[in-house]
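Labels A, B, C, D and E are assigned to the chains in the order they are written; within every chain, residues are numbered from 1.
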Amino acid sequence: MSAPETAALAPTARPGRRRRIDLLLWLCGAWLAVLILAAITAPVLGLQEAQDAAKTLLEPVYQPPSLGSAHPLGTNALGLDMLSRIIYGARVSMAVSISAVLIGTFVGGTLGVVAGYLRGTVDRIIGTLTNTLLAVPALILLIALATVLRPSALNMALALSLVAIPGMIRVTRANTLAFAQREFVTVAQALGAGRARIVFRELMPNVLLSVVPLCLVYVSALIVAEASLSFLGIGLRPPQPTWGNMIGEGLNGKMEDYPHLVYVPAAVLFLTVFSFNLLGERMRKRWDKREVSL
Amino acid sequence: PASVKADPLKVENGPFGMTAASGDPVSGGSLTFGYGGGIASFDPASQQYSGTSGGDEARAVYGTLTEYDTKAGKYVPSMADSISANDDFTEWTVVLRDGVEFTDGTPYDADAVLFNFDRMAKSGAGFSGLWASVVKKAVAKDAKTVVITLKQKWADFPYLLSQAPGMIASPKAVKDEGESYQREPVGAGPFMLDKWTPGQNLVLKANPDYWDGKPYLDSLTFQTITTGDQALKDAFQAGGIQGSLIGTPAIVKDYIQPSSGYSGYVRMTNTGSMLLINNGTPSRPDTPGKDINVREAIASAINTDVINQRAFDGNAFPGTGIFSAESQWANDKPTFTYDAEAAKKHLADAKGFDGKIELLYPSAQAEAALTIEAQLEAVGFKVDAKPVQSITDLINAVLIKRDYDLAMYGWPVPDEPGELYTSYLERFGRKDNQLGYYNETIAKALSDFAAADDTAEKAAQMATIQAEWAETVPAVPYNTTAQMVVWNKNVHDIEVSSRLTLDFSKAWISK
Amino acid sequence: MSRPLLHVRDLTTTFTTSRGEVVSVDRVSFDLERGQTLGIVGESGSGKSVLGRTVMGLTSAAPNATVTGSVLFDGVDIANPDKKTRAQYLGARIAMIFQDPLSSLNPVKLIGVHITETLRRHDKSLSRQEARRRAIELLDTVRIPDPARRFGQYPHELSGGMRQRVGIAIALACRPQLLIADEPTTALDVTVQKHVLDLLGMLCEEQGMAMLLVSHDLGVVAGRSDKVAVMYAGRIQEEAVSSDFFRHQRHPYSQALLDAKPHLENPARAELVSIPGRPPDPAHRFPGCRFAPRCRFVQGRCREEEPSLESGGIPSHGAACFYPLDAVRSTQEVSI
Amino acid sequence: MAGTGKTHLREAGSTLLRVEDLQVEFPAKGGRRVHAVSGVSFDVAPGETVGFVGESGCGKSTVARAVMHLPAPNSGVVNLDDTELGTLSAKRLRETRVAMQLIFQDPMASLNPRRKVKDLVQEGVEIWHRGGDRHALEERTRELLDDVGLDSATVWNRYPHELSGGQCQRVSIARALMMRPSLLICDEILASLDVSVQSQMLNLLKRTRAEHGLAMMFISHDLGVVKNISDRILVMYLGKVAEVLEVDALDRETVHHPYTQLLLASVPRVTGERIKPSVDGAAQDLPSPLNPPSGCRFRTRCPLATDRCAQEEPQLEEKRPGQFIACHHIS
Amino acid sequence: MKAAAGKVAQLLVVMFLVSLGTFSLTSLMPGDPAVAILGDNQSPEAYAELRDKLGLNEPLVERYFTWLGHVFQGDLGTSMVPPNEDVTSLIGSAFAVSIELAVLALVVALVVSIPLAMISARRPDGLLDRAASATTFGIMSVPSFVSGLVLIALLVNQLHLFPRVGWVGVTDGLGQNLYHAALPVITIALLEIPTFTRVLRGDLVRTLQEDFVLSARAKGMPAWRIMIFDAFRPSSYSLITVLGLSLAQLIGSTVIVETLFSLPGMGRLVVSSASQGNITVIQGAVLVIAACYVLINAGVDLMYSVIDPRIRRVGA
């Protein structure tokens, strides 16, 4: 009786599986891959000066992009190379927002899972905290924090993570509630699993997976948030190359004379945010059939 | 290596683009001016207005006892009928006009003036500090005459009366309204308050009983646009405003072009941008800048052309003297010159100095700050550049706590003698100033400047100061700034007085 | 009677999916006379619902579906209806009841509105009051107690059986000639199931309605249909008059289906004949009989050629099998 | 609340599981309570299979969970092998409970979607570190998978979503067997499966039961299935026991509880003859467990109901040999 | 009833925590009202004296509770910086601007998103859907300061369609008011359109797969009618949530747009007060924003039950 079952199992490798290649997704993936790779290997790429204006006192300033030259994307007001600023900016912008999301996911995820699993008083306390964080608009909160904290990359990541935390709590809590009602949790209990095991081994992997797409969306949102702070002049301080700082450099009328100051970083910002969003979206479609709304 | 932008246009002090109106003034219409800031309070006792911060608004409501005649280069009576001094400029007599009334109907007389002087002196804010240090007493000789006795000789004393102290509020309104007076002013100026939404806009309407005749304009609106000069420019071009005040060099240069189609007034200010050096204040006695070698190293390390190019796209007006090239006080005494080798040598001479120095800068001026940082580091300094979010914090650190090494600071001082004297006196002419610097020669030259009523004599004193400045390096100026008020060609007869305040009492719009 | 009410020929429904072409209904043909009930039985995924929906003309609206073949309803082809035909037929002359009575009612609409909107859609002259009166009447017809009160309630306030009765009331609103019931009782308890089936049977009788009764459970169809069709992997494997079918099955699959189910009539603890393996993946076609991999009586030919539905000498009892059970039995007897 | 009687319970020593007066309530909105299970008693002898039938919502699943103490019942005694679960510490309870294993209706939902088949099956062992050496553990896992009709090599590294419903259910069974339980609780495990797979599973269960000497609580709403696999059948109605009978009682001419009667009459017969549809009045629905009827809970739908049924709750009594019925009107 | 009381209590706690947090945070912020008031030409003693007069030297906790006491009497205090207006009226006028912007932007966003989502959901993964999805993705990836700049460059500087800056209240004529609000509203709406569209589209697609939609089709209802009368309402659950959240966030987080267009709204009020250290104003503003959040949350809960009768019963 087991033999035919096995036979029926064998041809599960599905032939003729034609899937439309998602060109856009691949392009976005490629863009992020190149960007991240460049960001990681930036120090060994032999790039021009990105940050120290003391070294570029003799460099031309405001040079427009020209692909063949020493400064393919041009230079800024201080003679710093736009290309290397973009790449080092990617380093900072992405490091800051990715670590903010990681912190946010870790803290928010843990709180959310705990709240969703334990319910009761713990849930209420965490819910109140979440509401408190949400009750202050994100940008106001960021501005407040940015003006109080010394603007270092770490502080920036911490501040930005505060923006991600309440959303993460909500999503993971909702997901946890959904998963905790599933019978595999009951079965695990029947097998003798304790609370910690259920939270970390049964719920976490499921909940975290459904949170991954959200993380990507948050990364893009926080990249924008970081840029917004720089736009308002309270982000990481120049000449630290972040994309927001770069866009900020082009404002105050310079954009008219030297549009590349704004357009180059804005385009990179756009492409990156777009890619993260798209990746998140596609991933969500793939993994999270039963979307949990915020 | 770097291409310097050609600068075919020279910016000169004074009016520009003004065309004689064809025909007589016509009544009616309303004028909107866009400003980056706006008036904070209408109580002149506690304020130090200038053209950028409430001067125009307050002046429209109150008028001023005197005003600065920019063409003649001297102070003349305005709301006052006359003002005269004794021989050594220590006693001043102000005679008021007959029949002038505040808009609440109370008389604009000597009692009212003294009431205002008294409030201002006691307010602890605004001009009260300066007033107290200059004025011994003020008394009414009769209902129309006030006599002011000074503690020292000052030929340009009427300057003070062209400022907030010369803005006279209705004593009745002040007493009646109390705290809320600052929002509901009553003066005797050409305009009166119609509607005010702080931070947004202020609408004034013509005062029909103005002593010099009802203004031609029906109403005057001041629109607040905080987003910077670019936004002002955009709004100007989109037609939302008919006039504004601009400080960004590139835009100033744009507007001053004859082809721009605008009229206005430009004022070049001395020491517009300064690199303040702490010469040793009580809060930071061990600051590097107390060593003259360090100060000289800094002065020699700065190349103002590079700053101009990198931070201002070649549009600024670089200069290391305490007077701009266009200034009437400009002289041939030496100023600082860029010399990296000399800077390194001075730095080497600075015994026990490790090169570490802190630079405070307003975050909006990052590029200039970074260029300065780069230049200092190029000669061997190790600069810790710290941006300051709000200007009030910069003021706090530099002016109040006096706890800094280097700071980028705006010190715009126009040629106008009264303002020049009071500004420099405050900043380095007295002991205990924010630079922690005091020099007998400079202090003496300043007070002689004040006592003189002769331009040549005054210029000589300024030359002395310039020489001494270059010798002792209390701070390094790196830019002259331009301030421009600009309006549409069809707007006529706006008068410009001290601190770039505008007088709209005779302004009119041609069709 | 000149022509059957429903005349289906070579109906094929194909879905284009990421896994490839899925032929959910494959060359299905049958006739349904007025007032008769055809039971369609098959395992999950065999294409019963798609068949029902295609007959209803609903599938063709799906962006990824292709429908070929013909569905003649009273002589009109409704397999790929245009707007006008759809408006004329759907809900008015053909109606449908769904498997899950809760999810087939809009949770935010009152029970009554579900019915009145159907009524008013197909009879524009009907006034609001009149529609309401008729709706309450219909609710009464399907034995809903206190129909006036139920009219103003939401679906979630009703029990499962009652919801299904509401579903029936909606379907009956315009006195259709054909009712397609897609697993109308699967979500219900046996006691309620019996009630609903009885109700359906009675209404069909009273109103002379023809019915396509779809179920995965032969027991549901037994005794409630005039004809039975067994579907497997998109194809009808056996079609017969009920009385004949339940007496003996000609297709091995039909027989296995009956034998696999522990019926109450069977003795306790009886060993069940189980069908090994599982239905084929519809996206993965292979030659020969679709049931061949699971068939007890499979022979070489079955893996190469696809049998067609043939009546094998017995009128109106067709089986798509090269070796129908009557024949198998005899060959086996021979081989012994 | 009076129980529905315990006369059907056998001597304490002879049973594996003995449940007395089980009562489970859930808090509902507005401070009301759902009376899901009200005084259910039953026992399961070693190797015996007890079938539970009843309409949806009558409390079958709740009984199963209460037996496992997942969560613990509001009151009542659950004795497993003479250990009273209610008195155990949390840790001991976890240990003891392993002797009972649960299998649920929805095969997908009861398998953690993020784990591979091999990890799923070995999960319990991993928790209790009972595996011995890795090799032996793997050996046993493969053996069990093969036992339940899966090709261990093929499914070993698969995730649940790569398996069919029947295969998932087999994994669940293998996982339960891995802990060598003495009692298997099957909650509607066939409901979501196709007929053909159902029969495969039923046969598999019967075989496994025999091989492992398992006792079983088999919950289903399908009388045919319950009859096929059970030794004794417990008919539940709205949180109470209506009838307990030996399975053979179904095959003989006998009197049943009116509710059992209703169930039996509702089960479709496989027949070619047209059944004359009869709609005698409205089909009554199960009353709300929030506010169950007084006395006999079935009285609202019972053709035999009298005033007495509203006043007095009937007790389970042995009305026929091997047949305990809670009804005033059957003697 | 008990649940409602619990909810109210929780919301009060939220507001308490928000105000406490704001108070402690803002007291650490840069900016000094004394400097903002006196300007840069006074003696250090004058500043110190003024700080003292403003009560800035008292301990934080004391200041907080004094403030809280006043709040309970309905008094948010006066601005620390001239013209020392009443904080309540300051916030009132800023709030009017913000709420108008937010509501208008939401309306615009809804007017665009709802049809867009419906068109997309009609044929998921169809040409229109993919086009809409790509567009919304594109818009979503443009930060508001960039989109604002682009709009200004295009609509103001090139086409002279809208004023560059400034705000005209409704009291000065609705036409002028809308004319001035248009561009900022569009900029904010651009932020919201993608989210709204995607959320609604997702829910619509899911709803359209439900049996009751099929059953409506089986009744012969035309597709557009089903979309509007059957699918829309049950699909608007997430939209309402997002709507509520963004309304709450918008009343204070339009800082960028307000900065870009010089609009006297809450965001700018908070930011400019922050740079002056004008704590009473920040306090009041954040408290009001938090109260809005709390109220909107309650409103959203209420909306749920309007949309979905199932919730209505549970809530009752």
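FYI, a contact is a pair of C-beta atoms (placed from the backbone, for glycine too) under 8 Å apart; a residue touches a chain by one contact, two chains touch by 3 or more.
The UniProt protein names, listed by chain, are A = Peptide ABC transporter permease; C = Peptide ABC transporter ATP-binding protein; D = ABC transporter ATP-binding protein; E = Peptide ABC transporter.
The structure displayed is predicted, hence computed values, not measured ones.
J.: Counting one step per pair of touching chains, how far is subunit E (Peptide ABC transporter) from subunit A at the shortest?
T.: Graph distance in the chain contact network comes out at 1.
J.: Have a look and report which chain pair racks up the highest count of C-beta pairs in contact.
T.: Here the largest contact count links C-D.
J.: Quick check for the class: compute each chain's Cα centroid; which one is farthest from the centroid of subunit D?
T.: B
J.: Would you mind checking which chain's C-alpha centre is most distant from the centre of subunit C?
T.: For subunit C, the chain whose C-alpha mean is farthest off is B.
J.: For subunit A and subunit C, what's the span in angstrom between their mean Cα positions?
T.: 50
J.: Quick one: report the Å distance separating subunit B from subunit D, using the average Cα coordinate of each chain.
T.: Comparing mean C-alpha positions, subunit D is 90 Å from subunit B.
J.: Averaged over CA atoms, how far is the centre of subunit A from the centre of subunit B? Could you give it in whole Å?
T.: 47
J.: Touching two or more other chains, which residues of subunit E (Peptide ABC transporter) qualify?
T.: Residue numbers touching two or more other chains: 30, 259.
J.: Which residues belonging to subunit A are in contact with no fewer than two other chains?
T.: 1, 5, 147
J.: Could you list the positions in subunit D whose residues touch two or more of the other chains?
T.: 200, 203, in rising order.
J.: Within their complex, state which residues of subunit A touch subunit D.
T.: Interface residues on subunit A, with respect to subunit D: 1-2, 5-6, 9-10, 12, 182-184, 186-194, 197, 202, 205-206, 209.
J.: Touching residues of subunit E (Peptide ABC transporter) toward subunit A in the complex: what are they?
T.: Against subunit A, the touching part of subunit E (Peptide ABC transporter) is residues 10-11, 13-15, 17-18, 21-22, 25-26, 28-30, 134, 137-138, 140-146, 149, 199, 202, 237-238, 241-242, 245, 248-253, 255-256, 259, 267, 270-271, 274, 286, 289-290, 293-294, 297.
J.: State the interface residues of subunit A toward subunit E (Peptide ABC transporter) in the complex, per the touch definition above.
T.: By the definition above, subunit A touches subunit E (Peptide ABC transporter) via 24, 124, 127-129, 131-132, 134-140, 143-145, 147-148, 220, 224, 227-228, 231-232, 247, 255, 262, 266, 269-270, 273-274, 277-278, 281, 291, 293-294.
J.: Once bound in the complex, which stretches of subunit D touch subunit A?
T.: 65, 68, 70, 94-95, 97-98, 100-102, 104, 106, 109-115, 123-124, 127-128, 146, 149-151, 154-155, 162, 167, 172, 175, 179, 200, 203-204
J.: Tell me, which parts of subunit E (Peptide ABC transporter) touch subunit B in their complex?
T.: By the definition above, subunit E (Peptide ABC transporter) touches subunit B via 30-32, 35-44, 46-47, 49-50, 81-85, 90, 93, 152, 156-157, 160, 162-167, 169, 259-262, 264, 268-269, 272, 275-277.
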